[in-house]
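Some notes on the structure that comes next.
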Amino acid sequence: MELADSVFMFVATMLVWIMTPGIALFYGGMVKSKNVLNTAMHSYMPLAVISILWVTIGYSISFSEGNAFFGGLDWIGLNGVGFEPGPYSDTIPHSLFMLFQMTFAVLTVSIIAGGVAERMKFSAFLLFTIIWSLFVYAPLAHWVWGGGWLAQLGTLDFAGGNVVHVSSGVTGLVLAIMLGKRKLSGENTPHNLPLTFLGATLIWFGWYGFNVGSALTINEVAMVVFVNTAVAAAAGILGWLVIEYICSRKPTMLGALSGAISGLVAITPACGFVTVPAAIIIGLIGGAVCFWGVSYLKGKLGYDDALDAFGLHGVGGTWGGIATGLFATTSVNPGGANGLLYGGFDLFWKQLVAIVATYIFVAVLTFIIAKVISYLVPLRVNEEDESLGLDITLHGEKAYHESI
Amino acid sequence: MELADSVFMFVATMLVWIMTPGIALFYGGMVKSKNVLNTAMHSYMPLAVISILWVTIGYSISFSEGNAFFGGLDWIGLNGVGFEPGPYSDTIPHSLFMLFQMTFAVLTVSIIAGGVAERMKFSAFLLFTIIWSLFVYAPLAHWVWGGGWLAQLGTLDFAGGNVVHVSSGVTGLVLAIMLGKRKLSGENTPHNLPLTFLGATLIWFGWYGFNVGSALTINEVAMVVFVNTAVAAAAGILGWLVIEYICSRKPTMLGALSGAISGLVAITPACGFVTVPAAIIIGLIGGAVCFWGVSYLKGKLGYDDALDAFGLHGVGGTWGGIATGLFATTSVNPGGANGLLYGGFDLFWKQLVAIVATYIFVAVLTFIIAKVISYLVPLRVNEEDESLGLDITLHGEKAYHESI
Amino acid sequence: MELADSVFMFVATMLVWIMTPGIALFYGGMVKSKNVLNTAMHSYMPLAVISILWVTIGYSISFSEGNAFFGGLDWIGLNGVGFEPGPYSDTIPHSLFMLFQMTFAVLTVSIIAGGVAERMKFSAFLLFTIIWSLFVYAPLAHWVWGGGWLAQLGTLDFAGGNVVHVSSGVTGLVLAIMLGKRKLSGENTPHNLPLTFLGATLIWFGWYGFNVGSALTINEVAMVVFVNTAVAAAAGILGWLVIEYICSRKPTMLGALSGAISGLVAITPACGFVTVPAAIIIGLIGGAVCFWGVSYLKGKLGYDDALDAFGLHGVGGTWGGIATGLFATTSVNPGGANGLLYGGFDLFWKQLVAIVATYIFVAVLTFIIAKVISYLVPLRVNEEDESLGLDITLHGEKAYHESI
Amino acid sequence: MEEVLTKIEIVTRPEKFDVFKQELAKIGVSGITVAEVKGTGLQKGYKETYRGVTREISLHDRIKIEIVVCEVPVQQVIDLARKYFNTGKPGDGKIFIYELANVIKIRTGEEGRAALKNEQ
Amino acid sequence: MEEVLTKIEIVTRPEKFDVFKQELAKIGVSGITVAEVKGTGLQKGYKETYRGVTREISLHDRIKIEIVVCEVPVQQVIDLARKYFNTGKPGDGKIFIYELANVIKIRTGEEGRAALKNEQ
Amino acid sequence: MEEVLTKIEIVTRPEKFDVFKQELAKIGVSGITVAEVKGTGLQKGYKETYRGVTREISLHDRIKIEIVVCEVPVQQVIDLARKYFNTGKPGDGKIFIYELANVIKIRTGEEGRAALKNEQ
């Protein structure tokens, strides 16, 4: 046990924690004012539902010893998860590691909300997140971090590119397709960009805890992660704005925020394995491909990924996974591997396997879960509720009140 | 001295610090747009006034050695409160402990503002908070934490259920009754719920510092506190929303936020003494009873506790104190005691004594202080100012400006 | 290496980091709603641009060994800046120190935006900040912290009164004068004060990292800094509001926020060298002189320092530098010096030299840089863009959208 | 169809609007449209101060209530408005009366008097 | 100048406004002014609940579209409005028709019919 | 009472409103009501882009100023409006002139010309 590490992980946990309300604000500012509360609720409820689920069973089936695909049931109800360090770190309380991971489980679900905004039923979404968290997130976390087959294969995913971002992005995409387009999907006029600014700020702020905290201590790797995270976000902004400037001569604020998040998503799997210049390149390209994802790909394929859960997290996470396979070097992290540019064709290949496996697993399971739920509750609100707004029809509230 | 503990308490102090502006935003979003600045000012000013008061005298009469009822004057002007560890912790600087406690003193006062919103005079509130902090908060803190009679009696209040929440809630209630109802007390239409969301987020965020930090180090108890705080807040959301759903079929965002805070209030005195399942139950019931407090009790008794200072902090804190008497177990914290469910009738009884004593002491003193002030300054603004809004009439400002 | 110190500096870095988006929100709330995005972008872009610049070259020319005026090029591209502690602290990774300083470099630039709001071209500002950061900020940081001539002279500037606040304030002023007044400079009606409240909250929150973190460890001096920062901000609020009350009987929320920042600016250079009572006095006077700066001086001299970059940071920083020369005492910090009130005429004199040198250096360089840029890009938008608002004309966005 | 269609436009303070609306319903008014406006008149302005710079504001928050009636007597609406909005202090506002050429109900296409009838 | 100037005021739901606007341009309407208003009529209200306290809200979000025409036939505008805004459910709103005395174009000072002409 | 009551409705840019208001007071106008509206006319629209998706916006921010006068000559108000709001660029807006049937002062119950008088 090392007290300073515990303090560090307490801080990291707090930082990741605030990303979830950050997502709620980020998304909330982008929808129409009649849907802001519903959208924020989608991203906020995981703090209630997934947290309880996590201590009850989620943590166990993610992280306790099991087979290559599922964790075991040993740690159900936090049985055996106490102050004594667990298998994942000798220097911090096991329960602290569990809480740190709880914030990841919560966050992942809250990202999904971006794909379904402005039309999914609250009850259906709630139900979906519970089942999804158990049957998709938990196994995935086990595969990568809990000693499952992807870990055994030797793929690299430092802070959760696949587990958190690709998974939530692909889920958002599948749900968006299943739900169909919003009635006025063309009118993407964010009702309150300062709110989105604030949300993006909290997300970025928390991301330092997400990435650096994933080192579980402040060591040499952690410091590289810290620098890489800072510069990749910066480069993501530049990457996005440059393309945007080329396309329309107008560098936007929403673009800057989206670029920062793109850069952060892209560096997430790679941050502990690559050099600082590589991080800048990953961020730059991250900003650019995510711009392409939201402005071209989405329009081309015609799905209504309302707030770009896939456009940012799916596309960015995919690029990040590939980039790890390109830029990783053992000179940065001896515990890692060499990527393609350092002669490691092997790693590159494994990274692709991991990404493809994640896509398939997540997409199929999401489809099945949503299909099953649709027999219990309609996934989508009716037309009238959609046009009146989900805040008033589902929650009996309005976000803003004027004097009359 | 233990550097890591100091770092931890630095972090905890920062977290509690941000709860106060959090309260200001939380409250500010719930009032009409013409009163948001005044409401936020009520919760913000303690950062200025009570801070200065605390270093000057408040800390001394709360925490220095005195009798069973009041602290002494030894530490006036921070005399003797320096880098050397004080009596409350061997591992952190005394001045750091003093600052950590300062954030509690500030926060408590800022909560009161919820009861008096939209009608109390700014000057009267300012005056009230100064006197109240010296004559109500300081003694209370001394009773419980400074070695006063409640400490000697053996009541349990881990992070300040009585000292912070019951006290501020009851004070808000008494002031609300003395002030009378707002002219349009029926129209509780929050002018900006995203602002309230943000405030509630900062409050919850900070609460981890509030509860976990109260352990003054990261030890076994601290980790239990961390888990308990997380799940009780989650359960509070669920408790509130379930009842709300039963009553009106509409789970609201404001309900979710209120539920989280209810759960947090309820777990505050208990967090270091109870098991995780108990914390979930305490949170669930916390959400439910606070819903009852704001929706039924308030309407029934007819006081206008505008933003539910009593409904959340008073009711939730009372339940939390009782729950500590029910669920506390020495298996979690050997420094604690066993509650009723573990055969400790004794503790249960003491908890009731503590609560009742707090109610009586706080209510009587609040009444006297407010009465005395009312001879100097009217407590309430006049009708015209109330209908024009307190922002423009008392502060010469408006929160929002359109283009014309 | 001391792990707890690294954790502490990680926290401090995070805190200073969030000040920059805090500035963006603080400023954003104060402008008209048609300019909020542009204003926030000015303060946000340094997170992208200056960060990259800092790791590339900025850190090296600020902090690596050079002559009395410039740092060297040894650390370009973070060459040699790794996990091994650097010359500035034995107990934390060199790269962590570099990141901590990065947040200062970013923040300083983002403060400047206040002077140019609502009329400067985005491209011109971007260009300006890059050049300014290299040719003004980096040398200045070198003079004071990197072993340059001001350090050798023995002037005191604990956390960056000159380097950060006077420099950004004076730059804002010079740019404001060069740009000329806004068309409607008289109508200072903040479009969204709750946003400004939030920004000011994040700024204050982060300032604890700024000041306390500048000690690079939690030692006796750090604790004095912590207390001083808290009370000076509190006193700044009181100082501002008292004068405001005397002038207009209306203590404003914007005044309280501005007062807090004034107090914080004023205590920044002094915080590690003065006693707590001195900190209170510095804060009180800080609030008062900044009020004088924004309400009287600005009107009298007729420049349009739109959001008072100079009025708060320039005036407050100047007072703070002088106050350090008055109140500093070696009884608080043996590594400091005695100010005028403790018989140290010497220090007082040096403080004046430092301030005057900063004013002249910054003003002249700013003028030259802006002049040169004006040959490439017009500094100011045209009249039509100004009246339509910079958000739509420069960024193709609007901050808020109603239902139609 | 020698029916007369009248628009009654009331510019006044927002306060008593809720009760007024309920009273209107009782006398058979079938619809109301209301908008937030700013108004200036005989009422004194107020001062706003931001960072020591004071601005005199003479625009007050008002609402504009528009009621189109045919069968309901205009005078009755005016009386109600005066009953609820008259505080005796400057700023109570004005009632403007206009004649309309026609009114059409979008849903049914009915015109004139019929368009304003309360179905049930 | 026996020209007739007519103001058409449409109070309706905000939804189809965009297409309606484009159609108007096609038939030669040279300008539109639109405002956000609240309306109450035959449509049922909805409930809002904050902390367990329920409030019946009978004011709905509506827009008020004002179109002043001279040469464009009034009936054509009415028909278009009915086409786009008629959903068949209560709350579709009303069209009010007024006569104007005059209209002046600020930029040129032109009056009446000329003020409403589309230059090119 | 052969008095004529006239409503002057000005739809224009928000910019010069403050000075205009002060000038009106000088010529004896006793009250003004103003609302934020959106307008579309001959003026070109602008583009907004969010995440690469561009939308053409043709609604501009405008204000609608309503002034009801009786004794004050209408032409004088029109002249003032043209003086302050004419920028020569499309988008300056229009002035609409209506006749009123009556005006009632809520506070005193005065009607017509008397309701519009500046007391002192």
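Brief remarks on what is shown
By letter and in written order, the chains are A, B, C, D, E and F; residue numbering begins at 1 in each of them.
Methods note: a contact is a pair of C-beta atoms (placed from the backbone, for glycine too) under 8 Å apart; a residue touches a chain by one contact, two chains touch by 3 or more.
Since the structure is predicted, the reported quantities are computational estimates derived from the model, not experimental observations.
Number of steps on the shortest path from chain C to chain F, with steps defined by chain touch: 1.
Matching residue numbers shows that B-D is the pair in C-D, B-D or B-E whose interface repeats C-F, with more than half of the contact pairs in common. Superposition of chain A on chain B using C-alpha atoms only gives a rotation of 120 degrees, nearest 5.
Chain D and chain F have CA centres that are 18 Å apart. Centre-to-centre separation between chain C and chain E, using Cα means, comes to 51 Å.
Among the residues of chain F, those touching two or more other chains are numbered 34-36, 38, 47-50, 54, 59, 98-99. The set of chain C residues that touch two or more partner chains comprises 3-4, 7, 11, 189-190, 192, 198, 248, 250, 252, 254, 396-398, 402-404. Considering their complex, residues 7, 21, 30-35, 68, 98-107, 109, 115-116, 118-119 of chain D touch chain E.
Note for the complex: chain C touches chain D at residues 186-190, 244, 247-248, 250, 252, 254-255, 258, 291, 294-296, 299, 308, 311. Residues 387-388, 392-393, 396-398, 404 of chain A touch chain E in their complex. Contact residues on chain D toward chain C in their complex (touch as defined above): 47-55. Considering their complex, residues 15, 38, 46-50, 54, 59 of chain E touch chain A.
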